[in-house]
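Take a look at the structures below.
The following pair of complexes shares a single chain, subunit A, combined with subunit B in the former and subunit C in the latter.
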Partner chain A sequence: MKTNNLLSNKYFVAALFLVPALFFALVYLIIPIPLSAYYSLFKWDGIGAMKFLGIDNWAQLFSDTVFWKSVINNFKLVAISLIIQIPIALFLAVLLTRQIKGINFFKTIFFIPMLLSSIAVAFLWRYMYDPTFGLINGILNLVGLGHLTQSWLGDSSIAFYAAAAPIQWRFIPLYMIIFMAAISGIPEQLYEAAEIDGANNWQIFFFVTLPMLRGTVINASVLIIVGSLKYFAMIYALTGGGPNHASELMATYLYTKSFTEMNMGYGSTVSVALFLIALIVSVLFLRFNKKDIRN
Partner chain B sequence: MKKSAIILILALLVSTCLVGSVSAQDQITLTLWDIRTASDQVTPALKYAIERFESDYPQVKIDHVPTQNDNYKTKLRTAMSADNAPDIFMTWGSTGLKRYVEANKVYDLTSAIESGWRDNFMPAAMDLGTFSDHVYGVPVTNVAPAYIWYRTDLFEKYGISLPKTYADLKEVVAEFVENGITPFALANKNKWTGSMYYMYLVDRIGGSDALQKAINRTGAFNDQVFVEAGEKIQELVKMGAFPDGVNGLDEDAAQSRMLLYTDRAAMYLMGSWAYGTIKNENADILTKIDFMNFPAVESGQGDPSNLVGTPGDNYYSISAKSEHKEMAVEFLKYLTDEKMGESLIAVGNIPPFQGVGNKIDDPIMKKNYQTVQAAHYIQLWYDQSLPLELSQVHLNTTQALFSLEITPQAAADKMEAAAQEYYGN
Partner chain C sequence: MIIKKIKAALIYLFLLIWLIITGYPMIFLVQNSFKIKMEFFQKPVWSLPASFTIKNYLDVINSGFYIYFFNSIIVCFISVFLIIIVSSLASYAIARIDFKFNKIIYILFLAGMMIPIHSTLIPIYKITLSLGIYDRLSALIGPYVAFSLPISVFILTGFINDIPYELEEAAIIDGANRIRIFKDIILPLVKPAISTVAIYNLTLLWNSFAYALVLTSSPTKRILTLGLFEFQGQHGIDIPLTLTALFLSVLPLIILYVFLQEHIIKGMTAGALKG
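Now for the complex of A and B:
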């Protein structure tokens, strides 16, 4: 029978199973990109008539100081995340792949931040940051460091860093798990050989583990770079991009423009700019590291 | 074996799709969106109305979807623009609702209103839901002006008397600061909270028509009155009238009221719903809570009986797309009937309905009711009365005033520039 033939064709079956995912990817990921580029040429409040503007939105974008501030904040977030998340995740991964008592307990504990929803984490930190009742200022006062207390989310000069902290806290476990998986894939013989050669723990880490993890670290870096460039959730929940745009990211800015100020045209312009920036940066980074991945 | 498994999965998928569409035949479901989350004091009154409606109309189910205040505004705008509006939705009336009316997204309630329903409402409350003599939203929740709520015991303890004028207010602020108490509890991440100070100062300095003049372009948003209001806010900020990091605190997370509850702050400028909120959150403290009008500015033209707020607070409307408009109208009648009025009074609100005055026993609510009756003018919140393009500029510049990141003149100029762009002059 013809259907039977089709169904026994593994490519057809594979395609069949891909159809639902492909459909949603098309509708929610692929099609919106050219659509946003199209909207960016209009003045549109999302409800009424669309008014063609040509490149006015783009001209406005280039002279929009808030947008550039958000771009800078995004790159700051990339740098902070790379510097903090990779080393700490690596450290924890190495630690947790060793024979330590109660290892499963620590694995679970360290993984918990990843299991909480972003918004819940943001609320947790919001109360920790409360200048009067918060845990952080409370502890500082308790140990006699009262002069270090801050209005963490209200002070424009530190609000961005305060809002970036929970992002680090939440995502370290993700990379920890990725590194743990990679470490357990390193052949045991390499370690045995190193031990016979008399390498100490540090040498084993730097000359065996780290080189073997190179590809994984690069992949994790790409995830962090792209993730940080399009980051939204916890910043939005903690500061909404404020105060006075101090912690604004491209994604929070496009959200505010599109959905709070109902300027869908300009919001689309920001979103296309965000897409282009993320695309260029990740292509450049991958090209830069291409040789290394092949090794 | 493999093939039959695939066919089985496909069959299951198809059948689940079918089941979903068949079962909901006779039952009507009306979707209702508003901000009545569990922590909202009006929620029990609303739930009671839903309960009464559903028991009278067993074939109708109200699917109530509450969303927290600031997120709600975004959610509704998004749904409206995507043509996904629920059957019944809540707004704050005025320009926010008008935008949807102009886009033909809202069902015209006029014929229902004119068949006897109008007598149910306080006349002043109807205005914000009425556009070109057609009614699109009915007031349900609260006659809610902003007052300065204060801790009577803290005023007594430090022998401080209530401020009648702005000069008095500065003295009060100075004395509380001296005693280590934050004068005003304020959480200004939300921006509309700080805006209340600005609106009152503009009213007290320039009178009730200052804003109207700027809107109808006989005046400007950088007129002296707006600059002066900004200066006074910054004067208070510099005196330490507000909590540290005020722009990072979240009103929706009660970070303002916590200061009031723990004796750390003495005053709280907030809509009259604060009374119900406090009752809900911390009933023990109610005996130490009272309210006063915002003080007069000595040289100003504003009448100190004027209020800033809303005569209806929340307006409920029906989507033009709803398939069960008559049923939805019927439900709105349950939301505005006498029983609803009684349950609103019970939670500390003044329902915008006729003949509620003599039903109120609570002394604070009585005072609230009388203050509203005595007011010569109620200015609607700027973020509801200004078009969206301007209200966002107003909120952003006012927040920046509180953190001293913009000068009053620059804030006013920015507002005027946005107004010129919007009104095209």
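Now for the complex of A and C:
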């Protein structure tokens, strides 16, 4: 009888249903953020005693050229990913929503990179980039462009771009599928009307398809921006942030500081900075976006 | 007519170019996994293997690589199972029980999407140490469940909101309690959304890396991505052997994809489509 009473109390029932989720969220999502901020005030190797430093770590962060280089690289990755992934994914989606034969075959194969782990993609590309035995230099030599062969991941002036390429390769299929879904949701009548008005394919794309995809393109951009700011695994496995920090990202830097150099106090400082930068960019973008829609 | 044919040819040309960009690395991967080391270093990488040797495959399997598959399967399945239970319970409360804080709790969960995984690595490492589960597979389950919650709650709450309320009303009038209603009425109806959530999280966790890197250390506790990472560290010079391990590591999802293509594509893009 008593349990029945409790179960008819909606507050008790709501709590019962929410407690498991709140437990996981609290321990692993919410508490870690203030905890990181707290650790950032200490000198600490992760095991031994913590020594209070005050804001020393933060002062160091502001004059840390490697950190700022990683921030710039993260934003470069945002820009590269937006410029490459959205147009190519859009282009492929437009091609794949044409009524021509064999579309399913192409779609099936095109999606495969998304199935591979970042680590697998990183190693696959590392062997394609291999200066002596790799596919890319091999092909360049084969077609007589031997002078273009490079130590792709070893040369600090191009390593960052070489490391950014497989990220594009892996994620284009995701946005391709998203755009395909959005394109097939555009009402047929719009295209018919445009055709009756004598619009050519380009005009149809720019005046019908693209405006109708606006929301989807913005969504995809948000995902790319947020994703690129917190990127880690592929770069870590490809270059480890090197050579000489050329491909360093905030996440690889914080990992190296915390778990290789065991400087967890300073690693926490970088963690909090990463959190704040991702937060500020997301909020700014969402705000700008809201304004944009109202206009 | 001719213009139409040229257009079609152009479309196929572009599709073919992208087919090579996407597919050729995969062919490179498979064809070189069948070569022995000497052959790889002496002949061009695009040459077909002189004889299709499965020596590399045997070597990878004999090196104990299979344990990483088991570890990944165990961790991913337990995590996904927990994610489904925990997030559908929470979603039901948010969508259906009016407890005044519905909106705030919902927004709080969604805000979790903004948290970069890597900025939590140090505190979670520390929490794991104090819980005494460092270097155990169970150490991964907590963070996996937590980081899958926001998107799962988002998908499931949206889905439950779309279920007509009348279905529950009758049961409430009959005096059924909320737990029964959830179990007997809501859960069967949300099955499609649950399968989307399951596939989305399963593929994401299967390929995840950072937590396993930080929270486990002994070789027998490594999941597949970490196992591949360490295999490359040890055998990286033997390129065909490493390519074989790489190919084996991506095979499970590709096999799943062959059989459940539409479900996998739908599941993997769900987070992005609804987000």
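Quick note on the criterion: the second predicted complex is superposed on the first by the 267 of 295 C-alpha atoms of A that agree within 3 Å, B and C clash if a C-alpha of one lies under 4 Å from a C-alpha of the other, contacts with A are read in each partner's own complex, and residues count from 1 in each chain.
Heads up, the rule we're going with is that a residue touches a chain if its C-beta (ideal position, glycine included) is under 8 Å from a C-beta of that chain, and two chains touch if they have at least 3 such contacts.
None of these values were measured; they are calculated from a predicted model.
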| item | value |
| --- | --- |
| Subunit C versus subunit B on the shared subunit A, clash or fit after superposition | clash |
| Partner chain(s) touched by A:244 [first = subunit B, second = subunit C, both, neither] | first |
| First, second, both or neither for A:83, with subunit B first and subunit C second | neither |
| Which superposed partner A:123 touches (first subunit B, second subunit C, both, neither) | both |
| Subunit A: partner with more touched residues, subunit B or subunit C | C |
| Contacts of A:151 with subunit B and subunit C, given as first, second, both or neither | first |
| First (subunit B), second (subunit C), both or neither touched by A:8 | both |
| Which of subunit B and subunit C A:261 touches, first, second, both or neither | first |
| A:284 touches, of subunit B and subunit C: first, second, both or neither? | neither |
| Touched partner set for A:131, first subunit B, second subunit C, both or neither | first |
| Partner chain(s) touched by A:59 [first = subunit B, second = subunit C, both, neither] | neither |
| Subunit A residues contacted in one complex by subunit B, in the other by subunit C | 4, 7-8, 13, 46, 123, 127, 130, 133, 259, 264 |
| Contacting residues of subunit A [partner subunit C, same complex] | 4, 7-8, 10-11, 13-15, 17-18, 20-22, 24-25, 27-33, 35-36, 39, 46, 91-92, 95-96, 98, 100, 106, 108-120, 123-125, 127-128, 130, 133-135, 138-139, 142, 169, 173-175, 177-178, 181, 201, 219-220, 222-223, 226, 229-230, 232-233, 236-237, 250-251, 254-255, 258-259, 264, 267-268, 271-272, 274-275, 278-279, 282 |
| Contact set on subunit C toward subunit A in their complex | 7-8, 11-12, 14-15, 18-19, 21-26, 28-29, 40-41, 44-46, 85-87, 89-90, 92-94, 97-99, 105, 108-109, 112, 114-127, 142-143, 145-147, 149, 153, 177-179, 182, 203, 206-210, 213-214, 224-225, 228-229, 232, 239, 242-243, 246, 249-250, 253-254, 257, 261, 264-265, 268-269, 272-273, 275 |
| Touch list for subunit B against partner subunit A, complex | 2-3, 6-7, 73-74, 77-78, 80-81, 99-100, 102-103, 105, 189, 243-250, 253, 255, 258-259, 262, 264, 388-389, 392, 396, 399-400, 403, 405-406 |
| Residues of subunit A defined as touching subunit B within the complex | 4, 7-8, 13, 16, 45-48, 123, 126-127, 129-133, 150-156, 159, 239-240, 242-244, 259-264 |
